[in-house]
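Reading through the C-alpha cells given below for one structure.
Letters are used for the chains, namely A, B, C and D, taken in the order the chains are written, and counting of residues starts over at 1 for each.
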C-alpha cells in the first residue's frame, strides 16, 4: 500500500464518519460537525494529492486546501448562526422536529 | 572571546552531543534543547513570581514576601512545595476527564509556543519556516483548554470566567495578529530568526529595531496591549477577577493543577513577550552597536524581563476594565487602529526612504489614533445592562 | 507507511468517531477538535506546514470555539430528550458505510494508477505567499469578500431580535 | 462642390483619443440618471448636482471634440473619425456598434449639451416646488444621454436604441404630471404617434442591413453611407421605379417625421405641451424634435444618392414638400391658438418644416444651420414662456396676460429677442440668416412650389409671433393675479440664450459662411462677394420686407390696445369659419378620430360581436349538449361508478401520501438522497472505467 493510498483511505474514512454524523445525529450542531469533518477529509485528499502528485511545485492542491479551509470557516459561521436563529424561533435543534418544509 | 560567550550554549550542546552515537544525536539535540529551554523558563517563572510579588508590594508600599530565605527569595520553592502537598479536590459533578486534561493541554500548548522563539544567535529550538504562524496556532489552542477548564468544573463562576476569557482572547487575537503581520510585511518572512536578522544591523550605533519606526511603534503598543489581554493580565484580568467571579475558570482547581494553571499563565506571558521582543525589539540584538560584545541571549532575556516588568507595573497601576468596555476597546479601537497600521506599513514598505515617509506614516497614525479615540471610545451612556440569551 | 502515520490516523479517526458517537454535545465538539488537530498533524506529516498550521488555527482555534459557543447558546444541549440518533439512523449508517465502501473500493482499485512521487516537495511560506498574491490573487480577494459577507450574515442571522423583545 | 473639396481636403479617418472617449459624452448623463434613480425623493440637491455636473462634463468633452474637429478642419482635413466594434457575432452576420466624430456630430453635440445644460439649470428654478424634483432630473438626465447617443452613433442600430430611449423619456417627461389626465393622454399620444413613425424607421433599418450587410454608417469604405454600398443600393430596385436607396430613405424619413412632428404625424407635438415647460423647451425646441432633422442630415448621403450636385432625388423632393407643407400648415394653425405654449409648439412644427425643406433643397448645411439657430431661440422662447407662466402663476392662456412688459423686464427683453429671431428680423438676428439660407435654396430649386409656401410661412410666422407678444406683453393687464419676475436661476439662462440668438448670426452670413463651410469641409473665406451672388440681395430684401410686413400687420391688429379677456379674437369676426377651422387645428385630431381610431373601434366591435354572438352561441350549444350528457352520466355515476371511483381515489391518495414522504422536509433525508446518488455515480464511474 503506497502512502498516498493510506492517506486517501483515512480521508475516505473520515468522510464516511462525517457523513454518518450528518445522517444519523438528531442535533443540528452535530450535523454541522459532521459536515466540517467531511470538508476536512476533502482537504486531506487535496493535500495528499499535492504531496504525492507529479508536480507539487505548482502548489495547486495546497492552494485549493487553503481556500477550502477559509470557505469552510465561513460555512461554519453561517451554519451555526442559522442553527442559533432556528433555535430561537423553534426552541429546538432536533432535526426530527424541524420538518417545516414537509411537502 | 565574545564569540565564545555568545555561542557558549551552542558549543556546549555540540560538545555533549559529540559523546553520543551518530544515530542518537538528533534525539539528543532535541532533548537537550527542550530540557534547556524549559529549565530556563521555569526558573525565570519562579523568579518572576517572587519578583512580581515584591514589585507589587513595593508599588503598594508593602514589604511583600520576606520570610523564606534572603528577601524571601525562596518563596517560590515554598509555594511549589505547598501546591504539591495540597489535596487535589475535584468537584463531585465535575467532568473528571476534561477537568483533568484542561490544565495539561494548556501547559503543553504554551510550552510549545516557546519552541520557535530564538533566544539567542543560532539559539532557536525549531527554526520553522512558518514559526510565527505556529506560535499563533498554539496560542489559539489555549482557548479550548480554558473552555474545558471552565465548563468541566460545573461551576457558573468558572463557566462565566471561561466565556469571558474566550471572548476576550478571540477579540484581542485579531489586533495581535494584525500588528504582528505588520512586522512580517516588512521582514518578508514568518520565520522568527529571519525577522530578528532583518532587524539586526546599526546606523551609527542606533539599531534597526522595528519599534523605532512609526508603524513599528504603534504595532508594538497594540501588540503589547493585546498581549496583556491574551494572557488575561491586569487590566484585562476579568476572567479571573477575584472580586467578581471567584477565580474565573480555575475556581474549582486546587493543588498542583492550580499550580499548573499558574505556571501556564506565566509561561504564556513569557512566550508572548518573547515574541513581541522578537518582532519589534530586535530579538537578541544589542540596543547600541558598542554593546554587541554582551552575549545575545543575555540581551534577549533582559528584554523579556523588561517586558515582564512592564506587565507587572501595569498590573500595579491600572484598575480592571468592565466587560463591555473591554469589548468596545477591542472592536472599536484596537481593530481599526491595527488595520490602519497595516495600511501604513504597506505605505512605508513602498515609499522610498526619506523624511516624507516618516512624516506621512506618523501623521496618518496620529490622526487615526485621535479620530478613533474620539469616535470609537465615546463614553457609552451608563444604563441597566441588556442581557441577550438565545432562547 | 510509518508508525507516525498510523498514530495520526488513529487520532483523527478516533476523534471523529468520538465526535459522532458521544452523548454529551460538548464532548462531541471537543472530540471533533481533536480530530481536526489530528488532520492538521497529518497535513504536517505531508510536508504541508503552512496548511497544517492554518488548519490548526482555523479549526481548533476558531471553528471549535464557535461550535462550543453554539452549543452553549442553544440550551438543552446536554439533556437530549429521546434517543440521540434520529429515527432512521440505521439507514443513515448503512448509507455512510456504503459511501465508505465505494470510496475505499475506488482508492484501492486505482492504487496502481495513483501518482506516487516520494521526494518531499518544498513549499516555503514565501512561495505560498507569492502564489497567493500573484497567481491566486483573485480567488484570494473573493474569499476575503466571502468571509466578510459570511461574518456579517452570521451576525445578522444569529443576533436578530424579535421586535417588542427588550 | 463636395467632389471639388475632396481634392483640397484629404479625408482622414484614423481615430484619435477624443474619439475613443466620445462614448463618455452620452454615458455620463445616463449613469447620472441611474444614480439619481437610486436617490431618495427628498434628496434634491445631490440629484440636481449630479445631473448638471454630468452634463457639464459632457459639455466640456463635447467642446474638446469640437475643437478637435475644428483643428482638423483648419488643417485642411475632412475629419471623420469613427470608432467601431462588434457587439454581437451571429454566425456570419455581425452586429456592429460604433460612434463617429465629424463636423455634424460635433456641432450637434455642443448644441445639445449647451442648451441642455441651460435648461437643466433653468428647471432647477422652475421645478423648485415640485415634490418629484428628483424623478424629474433622473428623466431629464436619461433624456440627455439618449439624445447624445443619437448624435454620436455611427451605427444605425445604436442610433435606433438611443432614439427609443429618447422616445421613452419624452413619454415619461410629457406625462410627468401624470395626475393630470390630459398629461397622461398627451404622453400616450406622443408615444403612439412616434411609434407609427418608428415602425417605418425600423423597416428601413432592416432593409438597409439586409441590402448592405452592415449597420455602420462609415467604416473605411464599407459603411452603408459610403460610395460603395450606395452604388449597389442604387442598382437594386424596390418597385414603383424607386431604387432601394430612395425607398429606404423614405422609410427613414417617416421615422424622422414622427419624431420631429411633420405632417401627418405632427399631432402629438402640441399636446405634448402638457409637460413641464423645461421639458417643452428641451424636447420640443432644442433636441428631440431636432433628432428627426439630425437623422435626415446624418443619412443625407443616402437621401441624395444618385443625384448630381445641386440636383434632387425623389426622397429629397418628398422631404422638401412635406417640410414646406408642414411649415405653412402649422403656421396657419398657430395664428389661431390662445395657449402660449401651443403657439410655440405649432411654430416649432413649422420651423421643423423649414429645416426639412432646407435639407431637401439646400443640403445638410442649410437645414442644419436653421436647426442650430432655431434650437437656441426656440429654447429661449419656451423658457421665456415658462418664465411668464411662472410669473402669472400657471396661467397659460395669453388672453389672461398682457402688459407684462413692465412687470417682467428681463423676460420681456429676452423674449422679444427670441421672437424677432424666430420671425427672422433682418440682419442682426440669427433666425434671419438661417431662414434666408433656406429661402435662397428654395429659390434656386428646380420647382418653385416650396419657395412660395415657405415665404407665406415666413409671413405667418412673423404675424402670429407678433400677435402672441402683443397679447402677452402689451395692452392692458388681464392677469388674475399679480405678476412677478422670475428668479435669477431662470432668467440667467434666458439672457445667455438671447445672446446666442443674436450672436449665432455671425457665423452664417453669406459674407462669411463659416458654418456652411465647416460642415461641408470647404475653406472659409471672408468677402462681401458672398452677397453678390445672383438674386441673393433681392431675396434678402424680399424676405425682410415680408417679415416687416407680417410684424406690422400683427401690430396693426393686436398692437398696444385694451382687450377683454373673453372677447372674441380680432380676426375671428373677419375670418369667421376659417378662423374656427384654424382654431380647431384643421380638425386633424378629429379626422384621425373618425378615420384611424374609428376603424380600430369598429374592428374591436366586430370582434366583440363575434365573441358574443357566434363563438358565444357555439359555446352555449356545447354547454347545453354537455349538460344533457352530464344528466345521463350523473345517473350512471351515482349508481355504477361511484363505488369503484372512490376506491381508486383512496388508492391514489395513499400512493400520494407515500410519495410525499420523500418530501419529509428533513434535511437528513435530502442529504441521504445526495449520498445515495453519489454512491451510484461513483459506482457507475468505476464500473465504466474498469480496466
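Brief remarks on what is shown
Note that in this section a residue touches a chain if its C-beta (ideal position, glycine included) is under 8 Å from a C-beta of that chain, and two chains touch if they have at least 3 such contacts.
Here the structure is a predicted model, which means the values were calculated and not measured.
The greatest centre-to-centre distance from chain D, using averaged C-alpha positions, is reached by B.
The count of contacting C-beta pairs peaks for the chain pair A-C. Here the spacing of chain A and chain B, counted between their Cα centres, is 33 Å. Between the Cα centres of chain B and chain D there is a gap of 75 Å.
In whole angstrom, the spacing between the mean C-alpha positions of chain A and chain C is 5.
Averaging Cα coordinates per chain places chain A and chain D 62 Å apart.
In chain C, the positions touching at least two other chains are 50, 54, 62, 69, 73-74, 86, 91-92, 95-96, 99, 103, 158.
The set of chain A residues touching two or more other chains comprises 19, 23-24, 84, 87-88, 95-96.
Contact of a single residue of chain B with at least two other chains is seen at positions 390-391.
Of all residues in chain C, only 86, 88, 91-92, 95-96, 98-99, 102-103, 105-106, 109 touch chain D in the complex they form. The touching residues of chain B, when paired with chain C in their complex, are 98, 128-130, 133-134, 136-137, 140-141, 143-144, 147-148, 151, 163, 166, 170, 173, 188-191, 386, 388-391. Within the complex formed with chain B, the chain C residues making contact are 26-27, 30, 33, 37, 40, 49-50, 53-54, 56-57, 60-62, 64-65, 68-69, 72-75, 124-126, 158-159, 161, 166. Residues 19, 22-24, 31, 95-96, 98-103 of chain A are the ones touching chain D in the complex.
On chain D, the positions that touch chain A within their shared complex are 660, 662-668, 671-672, 675.
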